[in-house]
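Residue numbering begins at 1 within each chain, and the chains themselves are lettered A, B and C in the order written.
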Amino acid sequence: MRSLPFLLISLAIAAIIFVIARLLQNDYVFFAGYTVLQFVVLATAWNILGGYTGYVNFGTAAFFALGAYTTVFFHKLYPLPIPLLIVIAALVSGLVGLGMGYLTLRLRGSFFAIATLALAVVLQTLIVNWDFVGGSRGAYVIRPREIPILGSYIQYLFLIMLLLAVAAIVTARTIERSRLGYGFATIRDDELAAEAAGVPTLKLKLIATMISGAFMGMAGAPFPYYIGYLEPSSAFGLPYAVNSIAMPMIGGTMTWIGPVIGAVLLGVIQQVATVTISSAVNLLLVGVLLVVFVVIAPNGIMGLFPKRRKKSAP
Amino acid sequence: MLVSYDLVLNALIAGILLGGFYAAVTVGISIAFGILDIVNIAHPAFIILGSYIAYLVNSQFGLDPILTSIIALPVFYVLGAMVYQVYYLSFERRGQDALRGLAFFFGLLFITEVLLILVFGVDYRYVTAAYIDWPPLHLGVIDIPMRMLIPCLISLALLGTLQLFLSRTFTGRAIMAVAQDQLALKLMAANPIRIKRIAFGISIATAAMAGAFLIVIQPVEPSIGREYIGRVFAICVLGGLGSLPGTLIAAMLLGIVESFTATFYGPSWAPAVSFGILLLTLAVRPAGILGR
Amino acid sequence: MSENLLQVENLGKRFGGFVALDAINFNVQTGERVGLIGPNGSGKSTLVNCLCGTLTNETGSVHFDGRNVDGLVAHQRTRLGMARSFQLPRPFVSLSVAENIRVPLLYTVDARKGLHHMKPAELHDHCVEVLKLVGLEAKAHDSPRDLTQVEMRKLELARAIAAEPKLLIADEAMAGLSQSEVTDIVALLIRLNERGITVILIEHIMRAVMSFSQRLVVLVSGRKIADGRPDDVIRDPEVERAYLGQ
């Protein structure tokens, strides 16, 4: 299926989801749904770099928090509409991704992974020491009660995240089927041979890092409005990193569907676990599932299905 | 800002002592990553585990933490060997890309932290030992706290022992060789997998002692491990992968830099120091896909 | 009188204390067929890696097609017209055989065309043509994992050919092939050479090297010890002692 029909179908599905959610007349659906959709974006974004090119990013939280703190920064300065904040967050996170990539992508994959972890901590330290955005005390962002047309604000946030998820999925799928996607796959399979075949590996890796980082930042931009109170240890929390790695690895890293499956599956399980048992056990579950899947089913759930060899021409 | 002479000197000495401790924390990674090329980012989790075990034994039986860790060495060794076996069967043997191995250790890191939170909670835990309460050693204007000196000295002993082991014994030299030439090792009738398993076991065993040092130096809580990931890899890379003397020197350097930062700029900047050094080192280090 | 397509001056490469290549000097003229031989570990593959940019040499310089390529990374050199096959095949395992060929077509051949990209049909035709050259067209949709060792070597060679190089370096492409397959590959390389592609053939199979090469270069322990007509070189006492006499 070409990209345009896919986009239209995705938007149609998104519209259906939104309508169903509204019909359920329960705000909790929107709150929980927002979280799951956020995971879809993060998992898909992570997979563009981690799954397609094979370079593991442990610093999902850094890019996510960058997006969130961009919002906080402007909220204190001059509140802007969320869509604009998302664009700014994309720019900021994308640029940081580019910079970090430029510093570290010439190294082996394992050094890159460690560097991403380092970046997350450096950024967290910078934010903690920056009083304008609240520092270690955190920042309050009051969520407006209502919004014209839609009614409750949480529905607005849900809709935004829904559209972001569509954007992320369509982007991932388009990349996958394009010339760029071939390039990414060769980097993952054998970077040395890719270079010898004419693939500009550094440039492609930088592109992947930028796109991946940008989407993570975009996912973070509405977050302060969702949560109301943002402080560094939650914004930079390890659960973001673990989830954004676990979801694609469990769902399958080779295509765009894997992260979506992983995000929905794990996202729903976590919502249930948090409500019925406790949030700590829920995190434990994610960690255990990650290890188990990585050891037993390296290609995730999608890897259990036989591969279809067809790829459309670039 | 007026810089006082004793402040500088004390920061220097504190940094050196800290460095000695950091060397013990890092030596496990020097073996696992530097020699075996296994990116065990869960190493700090094993260290924290060691800290909590020392805490448990100390609070129940009053046993000295460092002594506890020495007793715990074989247990951690076996744990390390088991972890390596799983790692080998799941990843190395299948020739899997590095991604899966990294995710595996990351998962272990995370699981350990969450389990510790579930069992012990997020409160800080500390140990009581005789020498922690001893008055500091006075050398002129310098104050040397015993809770820093003792771990540092024992750490140096640990490193010395390991260096001797790696350079003088057959197994030790086999470990050094396994990274470079597995075939040659096989021809010498040594099983590379077994050698690697021994090495990784030793790597995790050092975490037991490092954990004891940690809880002597400062109170611990489950998420502290994460701060050490950057320190450990920064030191490892800075000191030259796989070189124990290099590890010691790099650890001292990092300790000193962190100490000065904490003294003159405040402790909240300390995590950024090590991770910043790591990023800088990685950026400046000769690049190359084939090169190490 | 042909120009020097490749000019290697004083090329040196060390790994720590080990000198892999020591002041290598040699030239290749446009259209030549050069054979490169030497015992295992003599540095042949290291030389190829340095020429193509996969490794960086510490001393010396490489000029290709009139340009100094020092400092250019591998993919830039490939786009300039240097292509190589790897001694141990390195296929892209998550892609099909045909897709493996598509990669150099997309990223080298098409990239050279600048804004005028090849149409999908053109790409497809190029792909099939290259596969036919090495006899792999029946396996176009298979995974590289399903190929035999021999077929993987052919794929390796095909991938280099697909980059439409000016200089093709074949690194032990014929190991494990049968007599007739060796003859086929030599014939293929000669055909490519007649089309204008300069070829450096690195091999242990002396029959192939002798029948193919117009000039023979011998590498031993990182040093070039002979460079001349094949018949002269194999009679060189130093070459006999170091290599052939074993």
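Please note the rule applied: a residue touches a chain if its C-beta (ideal position, glycine included) is under 8 Å from a C-beta of that chain, and two chains touch if they have at least 3 such contacts.
Computed from a predicted model, the values in this text were never measured in an experiment.
Inter-chain contacts peak for the pair A-B.
Of all chains, the one whose Cα centroid sits at the greatest distance from that of subunit B is C.
Averaging C-alpha coordinates per chain places the centre of subunit B 46 Å away from that of subunit C. In whole angstrom, the spacing between the mean C-alpha positions of subunit A and subunit B is 32. Looking at subunit B, one finds that residues 288-290 touch two or more other chains.
The residues of subunit A that reach two or more other chains are 188, 192, 195, listed in rising order. Looking at subunit C, one finds that residues 54 touch two or more other chains. Against subunit B, the residues of subunit A that register as touching in their complex are 50, 54, 56, 58, 103-104, 106-111, 113-115, 117-119, 121-122, 124-126, 128-129, 136, 188, 191-192, 195, 238, 241-242, 245-246, 249, 253, 280-281, 283-284, 286-288, 290-291, 294-295, 298.
The part of subunit C that touches subunit A in the complex is made up of residues 52-54, 73-76, 78-79, 83-84, 86, 90-96, 99, 102-104, 106-108, 111, 120, 123-124, 141, 143, 159-160, 163. Considering their complex, residues 39, 41, 86, 90, 94, 96-100, 102-104, 106-108, 110-111, 113-115, 117-118, 223, 226-227, 229-230, 233-234, 237, 268-269, 271-272, 275-276, 278-279, 282-283, 285, 287-290 of subunit B touch subunit A.
Considering their complex, residues 179, 182-183, 185-186, 188-190, 192-202, 254, 309, 311, 313-314 of subunit A touch subunit C.
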